[in-house]
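These are the structures, in structure tokens.
Shared between the two complexes below is chain A, which pairs with chain B and chain C, respectively.
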Partner chain A sequence: MIKVQNVDKTFDGFQALHNLDLNVKKGSIYGLVGTNGAGKTTLIKHVTGILKQDEGSIFIEDAPVYENLEIKQRMGYIPDDLYFFASYNLKESAGFYKSIYPRWSSERYAQMVKQFELDEKRKLSRFSKGMQKQAAFILTMSSMPDYLILDEPIDGLDPIIRKLVWKYVVEDVAEREMTVLVSSHNLREMEGICDSIGILNKGKMMIERDLDELKSDIHKIQVAFRDPKEDPYAGLNVLHRESRGTVDLLIIRNRKELVEKIISESNPVVFDLLPLSLEEIFIYELGGGDSEIEGIIF
Partner chain B sequence: MFQLDLKSRASIYEQIVDNIKELIIADVLSAEEKLPSVRELSKTLTVNPNTIQKAYRELEYQGFIYTVSGLGTFVSAAADKEVDAKRVGEVTEELKRSIRELRFLGLPQEQVSMLLKDLLEERGDLG
Partner chain C sequence: MRSKASYFSISMPLVRENMRRFWAIPVLAFLVYFLSGVFPILMSYKDLSRMASYIEMSLHNMQPFFMGAHLIVPVITAVLLYGYLQKVSSVAVMHSMPFTRSKLFNSGFVSGLILISTPILMNGIILLLLSKPTYRQWGYAENLTISTVNVFSSGEVLNWMGTSILIVLVLFSVAVFTGIVTGNNLMHLLTSYFFIFLIPLLYAVFNFYFQEFLYGFDLSGNWLDICLSISPYTGILQSGGYFGTIAVLYYIGTILVMLVASAILYNKRKLERASDSLTFGFMKPIICYIIAFLGMTMLGFYFQVLGEERLYMYAGFAAGTVIFFIIGQMIVTKSARIFNKVGLKSFVIYALIAVLFLVGLNVDVTGFEKRVPNPQKLNSAGVNAYFNSIMWKSGADREEPYLTTPENLEALTKFHRSILDNRERFEQAQRNQYTSSLQLEYDTTGMLDMNRRYIIDYRFWAESPEMKQIFESAEYKSKNSFYSVKVDAYTRANFYGERGEYGGNKELEIKDSRLVEELVSCMEKDFRAMSYEDLVSLRPSYVNIEIQYTYTEEGVLGGTGNTAHMSFQVPLNGENTIKWLKAQGYDFDLTADMVERIDIYAPKQTNLSSGPGAAVMETKDIGYSSGVPMMQIDDKVKIEKILQNYETSSIDYNNSYEIRIHYTPDMSDLDAREYDSRNDYYIHGYLNQGLDFLN
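And then the complex of A and B:
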């Protein structure tokens, strides 16, 4: 379990994190999303104990994470900007990881190298960007972490390798109850893999919820009435409304049952109710206030 | 067992519930048959095990499956299913809409009722 409470962090007068909370349950896959510069990487560097917060607390299994060797031995972290020893190849790096991580599995390492078809003898600096990511993933997953922290993990990977990466992640969550915190801009892929979502904006946690609950709370509806009432949407929390001819397009934040009940009272001739994708929720929550951005969305 | 559509608006959780329900209704998964464990299904589909767990819980709640601790999850016998009034209402609505559309497309009433009769006879054994 990862618990971040009221964390503040300022760099040279710029406040990167504001009173931030984050909760990741054991065995959960938690997706951290947010605009560029929202503080995702900064937050991840705090959770991994690389940076120290100015205020607040960061606990993993009820122990502070900063300078906590015991926790770090059970934590795998793949940063966005990878780092390898300059002259090392994959095999030499594996030897180094083995000396650091007590739970290193040589068996898993051998299996993954075979499956990802990487050349163990070639210098890592000669690998392409995507191959370096794969190498980092193999090394991290072979250390058998209880906590896996991934910053933009699928960036630059081809679809086949992405599938393989998720297969390993899901397997370890299912088999060993590994806890995963992952940040990404690929919201469609996040939607397929995560059970919880945290939306970060300007260093603050805007929304933190179970993904399915988040999705069951906001809907897009398309509706038309033969003889419209004065206000057929009374009692609904309408976030956005637009008319296209006689058809109204609305974004409503209410439970499906309530939306259906209120709309059907006015006998609609057309009534379609669609859940929003995570991408749409993201854009709506973070870009909704800006009329120009809004023009792109709807 | 089945395919998930990541592009669909329906969530993975709903898709799993619907897919398993369909397999049970079509008798591909028959009564008392053992379902794959959460772990197995999670690995086959590359889906978060928590999502599968939740889908199984919902199917259990709706009476389609049951779990015996230590043994696994099984398909319920049709007779054990409780009638879910809300779902019956929804399906009836869907059916009405489809029949209205068939009429609108110009299908005569007799043909629609023939169609319904055929459908009922086809699966009459489920009664």
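And then the complex of A and C:
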């Protein structure tokens, strides 16, 4: 389990992380989303023990991460900005990884190289950005990490490779209880794979919940009444409301059953209840004023 | 819990990987050492005697390729090994791997040690295997001289290995330190060389200031040795290829200090500062201030050329401070946006330090100018003045006395104090005076010796009772004796008279060793009898005698030894020498009968309102440069008076009269072909006491 508590980090007067909490359950996939500059990469660099927080604590399995050799041996990290030793090819890099990661699996490495169809003897610097991502993924996954930290892992990957990458991740989560923290802007993909989501904004954690719970709590509805009551939405937590003729468009944060019950009491002639996608939740949570939401969500 | 031992842990896989990644460094370094050092030896291995000098130069690290490799290899190695710290991507990946910071740092350092010392060790081993007795030799046939020093002994090779490894390790440790405190490769490289040469550079800069502001400051002496020794790179040049025990301990200490400081700073380094210029805030003002200081100095002394007054220099200091502080700030902040409160505050602090520094120099806050050593705390002392020199010996360590007796040491410090008491006299109105540089050297019982250099005028020197005491002392006479040099044989004596017709006469040479020995004996007697007034007299000499002799240098075999010379300006009262010369048929007298006339020229007038190089102004109606004398003397009585009084140098340019003594040469000993009657024979001189004595 990864536990980040009250972490602060300031860069030359700029507060990159502010009193930040994050909890990743063992054997789960945690999606970290946020606007550009929200602090995702900074947070990930703290979780991987690269940077040291100014305040707060970061624990993995109840042990501090920073300078923790034992944890680092069981952790795999793929940054957005990749780095390999100059002039090394995949095979040489694998040799180095093998020498420093005690649980390195040569079988998995061989299998993945075959599956991803990468030339082991070609210099990594000659690879395309997508191929370099694949190489980093092969190296990291072959070290059989218990904790996998991915920063924008699927950027530049084609759909087939993306599927393959997620397949490996999901299999390891299922089979080895690997814990995954992944940051991405591809919310559709995150929606399909993550168990939990944390939405980061300006260095603060805005929302951190199980994805299912998050999605079942917030709804987009279209409703029209023949004889509308004075307040047909009384008892509901209406986050946003607008009217287009006789049709009301609303975003409501309540349990689905409660929403259906209260709206049904007013005999609507039109009543469509739709769950918000993660993308829509993200836009709603971080999008700013209502007028902006209006144009994006409806 | 981490134990203390973890601070010394290394990652063997990482070291191995570093070897694999950077193998080209030791290979190239090996080739440079091998091809420039070992290969030429192999080519001449059958007869190494002609390679002896080259071997000696190489093994003493004076060989340019060796010095180049020593300078480049450790710095480039550090830049490559710690290059991962300088990029955002690499710093993240390397520190996410299962290494602690200590392990990463230590592994890099150990890798560096291996990479830079392997080529030296391998070449050293080859040189050890090749080493065989090799001696420098020079001359031909019977003159062939062979040094007894084996330049290619195993000891010499081991010394080369030791000094070379020490040099590259110190440079490497400095470059590692700069790698930790800088944030990009270019800054790392530049700062490494900046730090390596910082001390000699600052030494040169401070010398500018001290020479300008501190009365009596002398560049030579201990400080130069110490500053050159601070870096082994310059230290090896100064020490002639060997490091003493203290130097070795100091360099090892430097490596350890750099290693510990770098390790501590590595652990404190904020990795997010990768790609910045500097990664530690405390370094920013230091680098910025050094840049500003160097720039301030440069412009200050440049402006000084524009005008003699100090005001110009201070204007240059101010301009240099502003320009180079801005440049420094831009470099350390890696930004052009430096005009803010923080920058202004930093500027004010620097300006205050600079003002305090200049004020401190102006008021001599350390008491440097007034310091005169306690004679009881001196081992020895020396004084060098460059007025007239009546005797000279080639190869002698010092031209002037090296004093050790309490009386002489007491007299010298007293003389030193009298210079300080008369400082105003020497600083003002000396442009028209015959002046010379005077150097005082004190070998103190403390750690540091003391050196001072002053400009004094001739009269002060000639009238000094302390100098009289020293120059007439038994110690001075004994240490400057003609017999104080080691002589195998006297081989020749040459005579150079004041009268020009003697210049090319081969007969003015004695090659009989026995006769020369007799002559030296007479010279010695006269030297011993000379008073201080004789020694510093500006009166012409009777004749200048140059003695050639041979001596055997310690540590050489065979040959006829080295040739050296000594000379003596025989004073007009040097009766022993003159008598001996006359007995041998040499007469260098200049009598009134021989003189046709004496031309007297008006004194030159130096323009005191201008600088030292001011044009000479002509005074009265007749000037020197017009070539027209103000007076011509042909009266034999007056000519005799002038001959008894003229001197060879002008003491006061404004009041001394230049004279030309036109004479008829004595042709009795000369070949008619050598004498051209159309030639005008004259002797230059000065009348420093005016012309009243002629009346």
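We take it that the second predicted complex is superposed on the first by the 290 of 298 C-alpha atoms of A that agree within 3 Å, B and C clash if a C-alpha of one lies under 4 Å from a C-alpha of the other, contacts with A are read in each partner's own complex, and residues count from 1 in each chain.
The definition used in the following text is that a residue touches a chain if its C-beta (ideal position, glycine included) is under 8 Å from a C-beta of that chain, and two chains touch if they have at least 3 such contacts.
Keep in mind it's a predicted model, so treat the numbers as computed, not measured.
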Legend entry - Touching partner for A:174 - first (chain B), second (chain C), both, neither: first
Inset, instruction - Mind working out whether A:275 is in touch with chain B, chain C, both or neither, as first, second, both or neither? - result: first
Inset, instruction - Give one of first, second, both or neither to describe whether A:75 is in contact with chain B, with chain C, with both, or with none. - result: second
Legend entry - Which of chain B and chain C A:36 touches, first, second, both or neither: neither
Inset, instruction - Could you look at A:194 and tell me whether it touches chain B, chain C, both or neither (first, second, both, neither)? - result: first
Inset, instruction - Using the superposition on chain A described above, determine whether A:28 touches chain B (first), chain C (second), both, or neither. - result: first
Inset, instruction - Would you check which partner chain A:215 touches, where first means chain B only, second means chain C only, and both and neither mean what they say? - result: first
Legend entry - Where chain A meets both chain C and chain B, residue numbers: none
Legend entry - Complex contact set, residues of chain A against chain B: 27-29, 163, 166-167, 170-171, 173-175, 188, 191-195, 211-212, 215, 274-275, 277
Legend entry - Interfacial residue positions of chain A with respect to chain C in the complex: 11, 45, 48-51, 67, 69, 72-73, 75, 77, 79, 81-83, 85-88, 92, 96, 99-101, 149
Legend entry - Complex contact set, residues of chain B against chain A: 4, 6-7, 9-13, 38-39, 42-43, 46-51, 54
Legend entry - Residues of chain C defined as touching chain A within the complex: 2, 11, 13-14, 16-17, 20-21, 84, 87-101, 103, 270-272
